[in-house]
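This is the structure, below, for whatever I ask next.
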Amino acid sequence: MSPQFDFPMFVAQDLAAARGERTLFSSVSFALAPGELLEVTGANGSGKTTLLRVLCGLMQPMAGAVHWRGEDIRALREDYHRDLAYVGHLNGVKGELTPLENVAFARAMAAQGDDAASAPLALSTLGLTTQQQRLPSKVLSQGQKRRVALARALFGRAKLWIFDEPFAALDAGAIALVAERISAHVRGGGVAVLSSHQDVPFDGVQRRQLRLGAPASASAARP
Amino acid sequence: MSWGSAAEFFAMGGRGWYVWSSFGVTALILVGEMLALRARRRALIRTLREGASQSAIERIESNES
Amino acid sequence: MISGFFQLIKRELLLAVRRRGDVLSLLVFFVIVVSLFPFGVGPELETLREIASGVVWVAALLATMLSLSRLFANDYADGALEQLVLLPMPLTLMVLAKIVAHWLLTGLPLALVAPLLGLQYGLTGVPLLVMSLAIAAGSPALSAIGAIGAALTLGLRGGGVLLSLLVLPLFVPILIFGAGAVDAAVHGAAFGAHLLLLSACSIAALVLAPLASAAALRIAIE
Amino acid sequence: MIPWFAALAAVLILIGLYVSFFVAPTDATQGEVYRIIFIHVPAAWMSMLCFVLMAAYSALGLALNARLSYMMAAALAPTGALFTFICLWTGSFWGRPTWGTWWEWDARMTSELILLFLYIGYLALRGAIDDPRRADRASALLALVGVINVPIIYFSVKWWNTLHQGASVSITRAPSMAATMLLGMMIMALAFWMYTIAVVLARVRCEILERDAAARERFTGAQA
């Protein structure tokens, strides 16, 4: 199914979410066409993580809906997950397994079993030496574990990338590498939504901002 | 079923202790639950009165009756 | 879809091999608990033979109970659970895979070790075989129902005690049929019905529990 | 509306007591002590009814995501647990003079005991979760799993009981049910039902106030 370029792939309609009784944000709406990147910014505790978790279906919003290719993600569920790659605050890397095993497992589960061989390639492009790839992940540093988590997502075939502060704990070299991968993905017709505190340049990409925490309803302003 | 005398009624055929303690415990629990609820409600009203404006209290009490 | 199911079981077993201590500590706990009873009840083989089925089964129940928190807690802590929920495969199937993996790491070892303890209680021959069969047939239900409890109490304070409070009452039918089977074997009575009832419970649990457990997981990771 | 149910409950209890003490005849075998049945059996019925209602409201809550039905389920739990406790207490007090043992491993009493554990599990789970949304939905799921297991537990206990002791006289299969006895139990059961409605509604109102107060506190806190 060739992606029609004008058709908005990823739409959020007046989303609202709360933590306990306190409303974090309300009537958040945006529509992303292929080849667009949305950056969610806002102070700590303004609900960035909650919004991203609602977008990938981990959390039910109090109000509003999220549509992927015109269908509500609650109805799509598994099909939606096939097109989604999510990296949250937690890396989701099993300490007892080596980075290779972690990425290979994720790759096999995401029904892209064929390129299990590309796991070493993904890890090495993110700066993990072959020797490091064979150690149990728990001995790696936080930055290296973050790379393993990103390696799982950055080289898959998912069309929609949702990353929660992907650059956290990464050094400058890694940040450039990851930013480049994300830009390439978006330029190639993918969609990306990410939250971050550092202002990282994405060359050749139409970037939109969504500010959370502003008292009035936050809507995505075109740059 | 008529009881000879009040004493006989309480003796309950020699098993009075069991019968009356069962009924007593049941009564205790039921009444206790009611009182606990009433106390909880009164405490809530008090915290609400301190925290909130007077109008909120009237609204609560008005929809009471 | 199905390859994913076995992939997940393979990973769980791989994890267990890397953390060899877990299965071992489970078995040691099982053996110690069963071996404690003679000190309380006295060493006469007559009485031990009578209580053997009950003691072994309650110990198996407690051992399974203790290892239930391992089902989701580690994945919840390191974020692997989120990735599991976001897999392109139904979460119910993935939970079933986890339950089967958990059974392979608890129910099966317990069923293999149980006959040895039976010897300790003066049982020989058929009852030992029935004991192992009963535990093997009943423990899938323990893992399945336990998975619901583990998912419900994920990340809560006092998780262990709370988990046992929720799950042990639901284990009672399994305990009754399981201990009943061994007891019947010990007294030479027919134990076929018991084993059938046990496997029926297990099959029902393996079909229904993943649904409830998946729903509980979705609630827990919010 | 609550005072109506409370008044109705009080009236019905009085009538029930009158019937159980002044209308029901002395029992041939057990003499007077069997009168405990007039609270033991209705309490057992109510403990079952509350659990089923709790599961129904939980299912409703999960389906419609309606906050109120979660609250109704939560409000039913303590009352149901108390009725289970009353049933167990009166059962053992009745067993002592009649069968000489404080605890009779009879099928009905044993499953009542397990029902009490289910109630305690429900209340413990609800107590352990702070976030109201998760507490509602997790406890609703537990109630559903519980209600599916109650019949299984009952039949397995019944099967286990007949296996070990043979068909011993079941504690609640009282001596020949004279019409007035049945009437007495029916009235008491109705009285307990009215009482439950009154208590549950009152507790729901408290729950609403509490969540209202919590929200207001945070709101006023934020403003100050």
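The chains carry the letters A, B, C and D, assigned in the order they are written, with residues numbered from 1 in each.
Here is the rule we use: a residue touches a chain if its C-beta (ideal position, glycine included) is under 8 Å from a C-beta of that chain, and two chains touch if they have at least 3 such contacts.
Every value quoted in this text rests on a predicted model; they were computed, and no experiment measured them.
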item	value
Contacts common to subunit B and subunit D (chain labels)	none
Most distant chain from subunit A by Cα centroid	B
Geometric centre: closest chain by C-alpha means	C
Inter-centroid spacing, subunit C versus subunit B (mean Cα positions, whole Å)	45
Subunit C and subunit D: spacing of chain centres that average the CA atoms, whole Å	31
Inter-chain centre distance, subunit A versus subunit D - centres from mean C-alpha coordinates, in Å	49
Centroid distance [mean C-alpha coordinates] between subunit C and subunit A, Å	37
Residue numbers of subunit A (touch at least two other chains)	none
Residues within subunit B bordering two or more other chains	none
Residue list for subunit D, restricted to those that touch at least two other chains	133
Residues of subunit B defined as touching subunit D within the complex	1-3, 9, 12-15, 18-19, 21-23, 25-26, 29-30, 33-34, 37-38, 40-41, 44-45, 47-48, 51-52, 56, 60
Subunit C to subunit D touching residues, read off their complex	148, 152-153, 156-158, 162, 165-166, 168-170, 172-173, 176-177, 180, 201, 208, 212, 215-216, 219-220, 222
Residues of subunit D that touch subunit B when the two form their complex	6, 21-26, 31-33, 35-36, 39-40, 43, 78-79, 82, 85-86, 89-90, 93-94, 96-97, 195, 199, 202-203, 205-206, 209-210, 212-213, 216-217, 220
Footprint of subunit C on subunit A - complex, ascending	56-60, 78-79, 81-82, 84, 86, 88-97, 101, 105-106, 108-111, 113, 136, 149
Subunit C residues touching subunit A - in the complex, by the definition given at the top	3-4, 7-8, 11, 14-15, 18-19, 74, 77-80, 82-83, 85-90, 221-222
